[in-house]
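For reference, the structure I am asking about is given below.
Chain lettering (A, B, C, D, E and F) follows the sequence in which the chains are written, and residue indices restart at 1 in each chain.
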């Protein structure tokens, strides 16, 4: 793996000349309750991306720290990019990679609202000739069920709960305030997902679920499983595109 | 200071309710010779921004890691946003701050190519009602003359030289490979700055000047002076906008 | 219900002055195997929208016939709007409704690829003051399980199968060629949904599942259930927005 | 002719492989007095387009139902696309046709305000390699003089009058309320066409002229003549572009 | 009249404070045969605009010298703005006028291809509150018939012919090369105006008609009539908008 | 030199076929105190551009009269293009030149705010294959020191002062009102250039410096020196791009 943040251009050039993939984490600056930092999604995506890049001996790009967290803007501190801007960011980065001959891009996305902008950027980049695999913690719902004790607050909705808190304990424990961790199981309006809706209209704390049973061990297990699954998918994707690295 | 990356939304809300400024570093993923990492501009801007935020007791935002480094794209590893995208990123962030009542935004820019996109974003934000002070290491040329021993490679052109290398030694010494530091004083074409031009057409190493005399002490001195001057300008700016924080 | 296609402006004005909702179907021109017409998604969405409009005594707008069916472009006859264009279409229509005082907009979407563009348009319109409920055949997976006999080809993937064929038999039987209906259960690549992918790369006929057991009765049952559920959700949404029509 | 709305992708593929043209009607959702439906322009354009497609053995595309009817927005029920959106819609459709090898596109436009957006889309498509003939009921003023008894309300201004009402009686009589047909010959402000102007500022009913003498026979005659002239022009256009279908 | 090109801001401020209109010529850099300069349309529009501004005691703005002359790009020297760019130029200028309190804008357009971009800009500006009257040599076809001897080459098509050449002789005789004036009556393809078409495909010289009978007297007569008609329309427009200047 | 404003397309075609450069002045409609006209920047840029074009035997394009003078909008009469619009104008013109085979474009910019939009347009055009040299009165600060007697008001800030007034006296003396020329040495806020700021907030007259010592002779000297330097740079630029004209 080559960490672009710390690498020199000479090292990147050598890697690109030999043939290499790139891994890009995309996160968000978004409320995560009183016990997790606003940068949680970026920290988690960057942590997973680092291990994926290690597994692929790829370029690890600096993460995109801001995402589209529109529906959490009711909580102060959430700072969003518009989906149009986020898509442009990923497209610009992809164009830069394609220019120097990188063989493909994997995105590791840590925030639900980023999915579609990334997918649309991937479409543009694929048409330019850069294959993109856009991952969102594959099979997380399975792994959460295997590892965690508390019930999720909603269907596939892991936000500031045992899942994310455990992963943060594994990656950046010093930013977690477990003494402030408190459960909230909000009643989702039935039109949730079917109309523009601020989460703050039905959620008081910013937590969805119960973060209290979180441990670093669970977080480590979750991350390990996500990374393994990401690498399995990456292998299939490389074969599909005849990327023989 | 409240570091948004590590803070919770509750803390940001408290700060915003009391009245607060925000500080945003904008950097670049750009070649910086064989001895400095590609993320140099972001690391430096973030380091200065942190101290500025401390001096103002402001919100410290996560840095924008990618910038417009078009003219260094001839070196592999430089990954740019288009100026239109970068402007949109800063505007989106500013809109988010304005929404929650932040009183003003200071940008700390570490890369020349970002100046105009940030200035245009500032214009948009000012028209929305958010004052923006966009700083680019004010008086750096004076401070460089006071602190550094080597001559700059071009007029006000500090890139991977004694200035930047010293600052990196002060902020992130572990990413500096002084054994690879070598001087280059390229001959600038006379039309430099007057036509679209890749720096790689007249610069071989990516270095402009002589990084070898760099020391952490010099870097610390430069940063201290830049921060002091930034705070002096911020105080004037706050008075101009009747921001009585 | 007032069918805008057949109504005069005088009738719409009367309705708008009394207070009214509007219902907009959004479909696609997209391949649906050899036995269903390219306009299937539009026909189905329009059929459901009509009944929803009846249930709400709302304005029934002419359907948006074209959608974003990018991943079916490998089959001739699929004609897509870009997601940006589709979003603009829905926003423009919504602005027109808002101007004359329509109280809210329900979209009835018949095509997966339209979801995000419609949701983003809804966000814009909500910020302008027009509430939008964007429905995509709510609970279809439950109803399909209750009504249909064949297994779906993929998870929640109903395309030219028993579900859609039954609904078409209920709404536009004359356009269905049951003699050409043939099953196909394609093997989805594991990276499906995780990278830009033309369906034609792993699907030969355009069918996903088995359309042969389709009947008009099943279609009628599906539509009835979808409409009931849509109306139930619309009632909740109206209450949420204090729309007392 | 192959009606894309009812055809399967297999049929379109066969046609495209043999070589084929496509015909696209573009209409509007626009007030047409108390006796004609809001969808009049779309119904008429679609009716003409169908016969043109028959004459050319072409693909008949589903009509674009919404157009740019900005200057009729003073009447409730008029729902417009912006000219930029409409242009994008036609361009997207044209790109889809070009991708599968369609030899050329004829647009049949039923609404004045759509002319320029379609013409600009045609320019874009022509530069991509798709010839476009954009027709607006060619020689309508001649044919109206030959067929109709009442005088037009303005110069070449046929709106909800004997011309359009006759054509609607020929194509969709069930949507025409002749008992509500009443004449209006508004006084056009002299600056009409020279400044942005809502028609509702000088027109009360939405009718321009006298719809009362309208008959289905006259409508049939008008349509027949328009279609003949359209086909004559299409033949010339095909020759100009060496389209030997 | 106040000629903005020669006036100081103090004079414009005084005029704006008292209440004033503005007049903007929009022209083109477009081929006009061998005997007329490329800037003909701009020179003519500016000449008419000057007299209109005199008649209205208005601000005379510097002309927009470039227009959308796409269909003359087959002749070297034609340099066009895209219609989107031209529209933005007029909108930006109008916004600037509105900001300082100008009561209304008259555009004097000298080039056919500019009509729609100006009309769309006018729509935007009207919605911002700035009335716009967009004139295109009103009643030119009547005046041409009264003043000129030669027949026009096409219907309302005055290009490098007796009309334009006479007007140029009246306004800028030194730029007219009458010795190179030669007639050409090209055969217009029947699909002219109905498909994107370069004029150079059926016109050799760039002239449409016969410029040889042109005289400065005829040009003066044409300009006088156009200006009178423009002022008559402007008076009506002022009344419509209660502009009592 | 061929003045495009007065040339015919035939002459431009001959020049383009032989191989030729083009020169484009870009100015502004911007306040210049009580003694200079609003069009000063355009007049000056056009005057310099003419001589540069003569020196290069190039095409002289009609100037772009409007620029981005946002920070002078506090003074009535300043009429700006947005930077996005200005960039598009220059790109469109460049595309037109490239299409007919012009070898390169020199821009002569007379207004500070235009620099970045022109530079970004140049980047786009260079990527299309048109070399662009974008000049802004090269070495003006040196020449001003050599020629003028009064001190500039700010660092490299020449606005309505001895420099610009002298140049206007040399080029368009009839538009200069020396009796209204009065000095003003405003106190620049320390945050000038570091935040969006209207000049009118600290400058009363619009003058920066002292225009009273201005003479036509000084203006002529300045222009001569600027033109010489421009031609020297153009020669280097031509060599760099192997333009052997």
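By our rule, a contact is a pair of C-beta atoms (placed from the backbone, for glycine too) under 8 Å apart; a residue touches a chain by one contact, two chains touch by 3 or more.
For reference, the UniProt names are A, B, C, D, E, F = Creatininase family protein.
It should be emphasised that the depicted structure is a prediction, and the values quoted were computed from it without experimental measurement.
Rotation angle relating chain C to chain E: 120°, from a CA superposition, given to the nearest 5.
With respect to chain A, maximal separation of chain centres occurs for E (centres as means of Cα atoms). Of all residue numbers used where chain A meets chain C, over half belong to both copies. The two sides are thus made of the same residues. If you average the CA atoms of chain B and of chain E, the two centres end up 49 Å from each other. Chain B and chain D have centres, each the mean of its CA atoms, that are 56 Å apart. The mean-CA centres of chain E and chain F are about 26 angstrom from one another, to the nearest whole unit.
Multi-chain contact residues of chain A (touching two or more other chains) are absent. Moving round the ring of chains, first from chain E across to chain F, one meets them in the order E, F, B, A, C, D. The part of chain D that touches chain E in the complex is made up of residues 70, 83, 116, 119-120, 122-123, 126-127, 131-135, 138, 189-191, 194-196, 233, 236-237, 240. Across the complex, chain E meets chain F through its residues 4-13, 16, 29, 31-39, 42, 61-66, 73, 75-82, 84-85, 88-89, 92-93, 96-97, 99-100, 175, 177, 180, 206.
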